[in-house]
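Look at the two complexes coming up: subunit A is in both, with subunit B in one and subunit C in the other.
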Partner chain A sequence: MILSLVFFTFSFVFYLVTALLYIGHWVFKKKWIGQTATTMAFVALLSTTMILIARAGESGHAPFSNLWESMMLFVWATNAGYLILEYRHKFRAIGAFVMGLEFIAMISAFMLPYRFKSAEPLNPALQNKWHWLMDVLRPFGLEKYAIGWLDFHVFTTFIGYAGFAISFGLSLIYLLKERSEASGTKGGIMGAFPEARIIDELSYRAIAWGFPFLATGIVSGAVWANYAWGSYWSWDPKETWSLITWFIYAAYLHARVTRGWRGKRAAYISVAGFLAVIFLYWGVSFVLPGLHAYAS
Partner chain B sequence: MKTLAANSNVAKFLNAWNAFCRWTERKLSSMYTSVYVLAVMALFFMTGTIFPQGGEYEEYARAGGGFLALVNAFSLLDFFTSPVFLILSIILFLNIAVCAWKRYPLVFQTKKDAGSFAPEHTIELPFTVSDAHEEVKKALKKAGFRIIARNASYAVAEKGLPYRPLTWLYHAGLIACLLGFALTYFFAFEGEMRLKLREAETVMPEETGRLMGLLRGYTPHSDFHLFLDRFMTEYAESPRLEYPSDKLSRLAIGLGWSKNIAYELTENSLSVKDWRAKIKVIKGTRTLTERFVEINEPLKYGGYTFYLMDVVQSFKVRVEDNPLVLETKAGEDLVIPGVDEPLKLGPWRAGTVKRLNNDIEVLKSQVTVMRRGEEVARLSPGGSAFIDGTKITLLDAVEAPVLSYRYDPGVPLLWASGVFVLIIMSLRFFGYWFEAAYNIEERDGRPVLELRIRSAGLMADERRVMERLKYHIFKQAS
Partner chain C sequence: MQDKAKNGGSKPFYKNSIWYFFNSLKLTLFVLITLAVVSIFGTVVEQNLPVEEYLQKYGEKWTSFILTARLHDMYHSYWFLALLAMLALNIIVCTFERFPPKWKALLNHKSEKFDARLIEKFANHHVFDVAASPEAVKERVVNAFKRKKFDIITSGSGKEFHLYAWKGRIGRLGSDFTHISLLLILLGAIIGSFAGYKDFRAVFVGGEMSVPKADFRLKLDNFWIDYYESGQIKQYNSLLTVIEDGKEVLKKQIWVNEPLYYKGIRFYQSSYGTAWNRVSEAEIAVQTKGRSEHNEPMLVKWETPTPLSGTKYSVKLIGYAADFAYDEGTNQVFSKSAEAVNPAVHLEIYDGDKLISTPWLFLKYPGIFPAIPGADEDLVFTGYRGIMYSGISINKDPGTNVVWAGSIVMGLGFILAFFVYHRRVWIVVRESGKSTEVKLGGMINKNNLVFEKELKEIVESISSEKAGGK
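Right after this comes the complex of A and B.
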């Protein structure tokens, strides 16, 4: 538990620096600041990867079993997703929003009481590994590294959340940029962002990325629940809210197909979707009791 | 006259009915309806998480619950089996089904053209006018395109997995998923059974699925029995790390500069790793099958799935030499005459433990006797202890697994269609598809390729595919 927390301290600083550099690049529009920001985002990603690896080694299971660990996974996935987006589309100014969100997530994780951070043994129902994978890894003596439905379920769900977080950041930028374009303002700090229609398209792409992952997370969770608890769906608040979130993003995707639901309207649905994600992740954990409540 | 009037009324009714059917079909096949249905579903589901599900209305009212009229009218305490929920689900099903039905011919019919053609790119071709058509076709083929339609003014080529059939297919998969849900809703049932060592138990559910009664000759009692042959508990030693409060010490340990790590290892450091129950399925004197059932390792037999859900520890104790035997379960209050306050027995520790050094040891079987959260004694089978001067003897201790069982004919369909949906959806979203509509014009005696490219899927990169196409065109020319 020590090493993962040490890497957390490093990562905390890295994300702060990364967010500041991206904001600096956005405001001052200096290329070298942007390049340094991207490099720091890589360093932060590496450091977050080390948190997850160290925690897996310390706890003996995949590091997704409590609120702190899952937040690290969220930060990792969002950072990785953002870097892919930056690599493909070469828009750095967006990083100010995404890395800002990452840093807020790191502050939240930092402020969690210690009992939410400590690595605890998993109860028997959560100790599940795929036998076929254990059989594959056994000849190499690596069977203890096999994963199971729980790991797959949490991992895919969080990749989905990461896509939605990026889309949320992009939707906020879209709303600001659209207002700036409508008022005819050129240049200024909004001038660093690409055209509003491109941001809208990127936001859609981020949701299109996250949507199948959330679907996979929901289905794999159902498979696991059926396997472990005997019922694939219990209308547990977390399950219900994951479906609510999925419905909101399904509505978003359908709305884009119909004319006139792009731009502002789509951005509002994306923002509503991410608010549902936040409630699904934090609200359900703390407010609504259930099988998934990390905080219980 | 009356007959004419009646016929006219019938005709009016039929016209109105036809108009209603057309309106319903139009609405149900509309994408706007999908958006609104999904939004309404999301709102209703939120409602379902606000009100405590499975509670009694009277109890809710007594506890000062609000919105009583709404709660009563819409069965909000049992929302996910209420008529409102059922109606919403049916509308969702119909919406997807009608959309899929109406779009089937559009999606799967042979493509004749690609709508109106407005070129977005032009490439001056390095070929002669007579060769241009054939050379462009070759270049498209090399770039991975296949010609799918041609008319007098332009041709259409395609590359990758066409997204429209994929979109249609995963919606069809969703219909199958909803049918799976429906099978669960109408036919699934579940129950619990407690097994006793070396005794046979029969599946006897208190209630069955909503429509199971319609099945001819159906009886809820299984014609086989479950026989518990063995039961064991496996523990693991999980020490608690003494975490230094000083940050520098933590950093030093984390970086490997200090080896001063302390582990706290108490009896509470034992955690249950697994429960294992060897169960035989028997019919008469025949054993039909046998296997170990564990947490996450259910037994499937006869359409049922049996899960190891819980373990109940029960004890028999004798007070002094009283012939009357007291029976209790772990964690329950046990009132003993002569002892000041109720006692609690448990947990019972028996089985094996895997120590930190990977040694496996057999635990000494014993139960802890607690009073007000404090340990007052430990008892092994046959052992005695004096509490407040009263002799208490543990006569027997039994760990019995509790199985939950479920009969759910919806699961196979749901899994098959769920996996299908996920695969097709992933191909649709993460794959790529390009459609190139093109025409070759002659300008100043030179052939010019007019092109429009459309794409779908996250991996689709129009710029890259244009570059590839140009590369093949100019490579052929050289």
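Right after this comes the complex of A and C.
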């Protein structure tokens, strides 16, 4: 068994424990459970980092080239993004939703057939390194560690996905919280969460990170496509779906400044946006034909 | 709305109902959501297939619907382009309506009149007393805001001061930068579709290719494939030479991800294969009639007369078909496919200077037709060395740079729009009995949570004793 898969097994358990702890903290409202949950989230983040490092060593390139590797990047970025959010705003109950999502992501990565997990050398279309970076690294003999558009494109896209995933979790909480606020119940199961308007604001912040990063991912993909395929945009299903997702989040941003579209409707758009992200990420790869179809 | 009232009846001619239709955020939402939904169709219905394939997949009724609605080339259909045009008009009109007043307000913000009573109406406001003189408290306020990188101006004197602090004004322009960047990207796409072209050439190793609408040619010096140790393909490479006015001006090795760029045109490695109508050399052997074995084969180069040793004949290799076929109507030989299913070579056979025969010889069917009628010797085609061709995509798109410029503006716009927040705070410092009352309140254009925290920190640093000096 290769090392990255050993770390994966550890991480799988860590995410399960982390998600359970956050849910425990949410339900029982005990501070020590919350602190343990945050600690476990850190452990899980370190373990995910080790998966990525081990995989880079095994395959000889940045670990962004197949579905399983990109799932690990997604899990890593979402975890890191969540921990930053928790550190800055000190709302722990939200972790139950985000870490629950992380665990679901780990399950889906686990269920992928082996051919999506194995470490492979890069095929011709994926080989792209920045010449200037190679030139910078050459005097030190490190030029084989140069990265290129592939790495930049995948990395920025997945920071974007992570932002949207966090916003999705927050929007679900918003919709539940909004309902419980409307019915006038204080405390109860939704009492652990901050006020709806704060959740709405946090959800916006997550999209405010996700949206420019997705755009950077799309643009860097276009730059790369212009090198590799001879055209910066060819309406390939993956490209089109990334644009669809981008349109939805653009709608979200404009909804928030439009009277009557704030709050609830904006939250629905964010949920729709994340469903589009899931289809963009998994659906397009498996269902629709095109240049990004890994499953063929 | 205020503008309208001010202008009274003298509205500019273009401000009619169409203008106001396009000056609407609801329209933006409608267009964005519609674009998102209809774009899905184009990913489900495969684009630009031959009509027969749609018939096969969807049946007659649906195919005629697909063709009428232009779903087979949706992203270039008039209605999809109309939606994009609507988005563009929406952006243009909104920018014209909102940008000038915003710009003015941002420039003149210091001279704006402000009613101190409004401070307590802000969602973010604080009222508190500080045990110090108004003058000292004013200094503390100024320092507290400056430490948070605010700009601040003061008016008033003695017992009452009015202050105004602000930060991140330029963040307000983020949305405008982003909107203009989208227009630039659309413009780049339009330039590309009118002034650019795409083409494809298959060129043999050693051969030359023409370039459409350009005054130079390309020569393919070599084509080769690199492999990993495991046998997987690592890279496809072509070595190209640019020839201009008969002179070689540039040599470059291209591969997937590394095109050649010359005079605004890009050349991409896009495919490769073995030629179906040419070989570099063929192996031809002499066989005496009645004998089952032939002599040692000889190498015959393409279009090079070669004497056949041990005979009085010489041969010239003039044709090749990878998958031999014969069209009786036109008397033409052609290759049914690019695969070497039934390889055959076409020879000219000379007796001295005299052309005596032009047979086709088949690799898989030796001896089915005699190569030289009436002679004792026959010729057998025993092998060949194929020629690789490299498939080169040609793309000229002068709009690309406009698209990149748009992308850079967009990045700038995002940084301003999402990470620079415009905060404005009004402060009144007034003597109240023995101590001094401070009222401060303000607003931020986004990210209220940050603002709440920041104001709390400022209030704390004004209230605390140490805050006086730096």
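The working rule: the second predicted complex is superposed on the first by the 295 of 296 C-alpha atoms of A that agree within 3 Å, B and C clash if a C-alpha of one lies under 4 Å from a C-alpha of the other, contacts with A are read in each partner's own complex, and residues count from 1 in each chain.
We take it that contacts are C-beta pairs under 8 Å (C-beta built on N, C-alpha and C of every residue); 3 or more make two chains touch, one makes a residue touch a chain.
Just so we're clear, the structure is a prediction, and the values are computed from it rather than from any experiment.
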Overlay on subunit A: subunit C relative to subunit B, clash or fit: clash
Touching partner for A:Gln127 - first (subunit B), second (subunit C), both, neither: both
First (subunit B), second (subunit C), both or neither touched by A:Ile198: second
First (subunit B), second (subunit C), both or neither touched by A:Leu5: first
Which superposed partner A:Thr185 touches (first subunit B, second subunit C, both, neither): neither
First, second, both or neither for A:Ile248, with subunit B first and subunit C second: both
Touched partner set for A:Gln35, first subunit B, second subunit C, both or neither: neither
Contacts of A:His89 with subunit B and subunit C, given as first, second, both or neither: second
Clashing subunit B stretch [against subunit C; choices 1-9, 55-63, 343-351 or 361-369]: 55-63
Interface residues of subunit A shared between complexes with subunit B and subunit C: 121, 123-125, 127-128, 205, 208-209, 211-212, 215-216, 219, 222-223, 226-232, 235, 237, 240-241, 243-244, 247-248, 250-251, 254-255, 257-258, 261, 276, 284, 288
Subunit A residues within the subunit C interface of the complex: 89, 120-121, 123-125, 127-128, 198, 201-202, 204-205, 208-209, 211-212, 215-216, 219, 222-224, 226-233, 235, 237, 240-241, 243-244, 247-248, 250-251, 254-255, 257-258, 261, 276, 284, 288-289
Subunit B partner contacts - residues on subunit A that touch it in the complex: 1-3, 5-7, 9, 114, 118, 121, 123-125, 127-128, 205, 208-209, 211-212, 215-216, 219, 222-223, 226-232, 235, 237, 240-241, 243-244, 247-248, 250-251, 254-255, 257-258, 261, 276, 284, 288
Subunit C residues touching subunit A - in the complex, by the definition given at the top: 25-26, 28-29, 32-33, 35-36, 39-40, 42-44, 46-47, 75, 189, 198, 228, 230, 232-236, 255-259, 266, 268, 270, 393, 395, 397, 400, 403-404, 407, 410-411, 414-415, 418-419, 446-449
In the complex with subunit A, residue positions of subunit B that touch it: 31-32, 34-35, 38-39, 41-42, 45-46, 48-49, 53, 80, 190, 236, 238, 241, 243, 250-251, 253-255, 261, 271-275, 294-296, 298, 305, 307, 309, 404-406, 408, 411, 414-415, 418-419, 421-422, 425-426, 429-430, 458
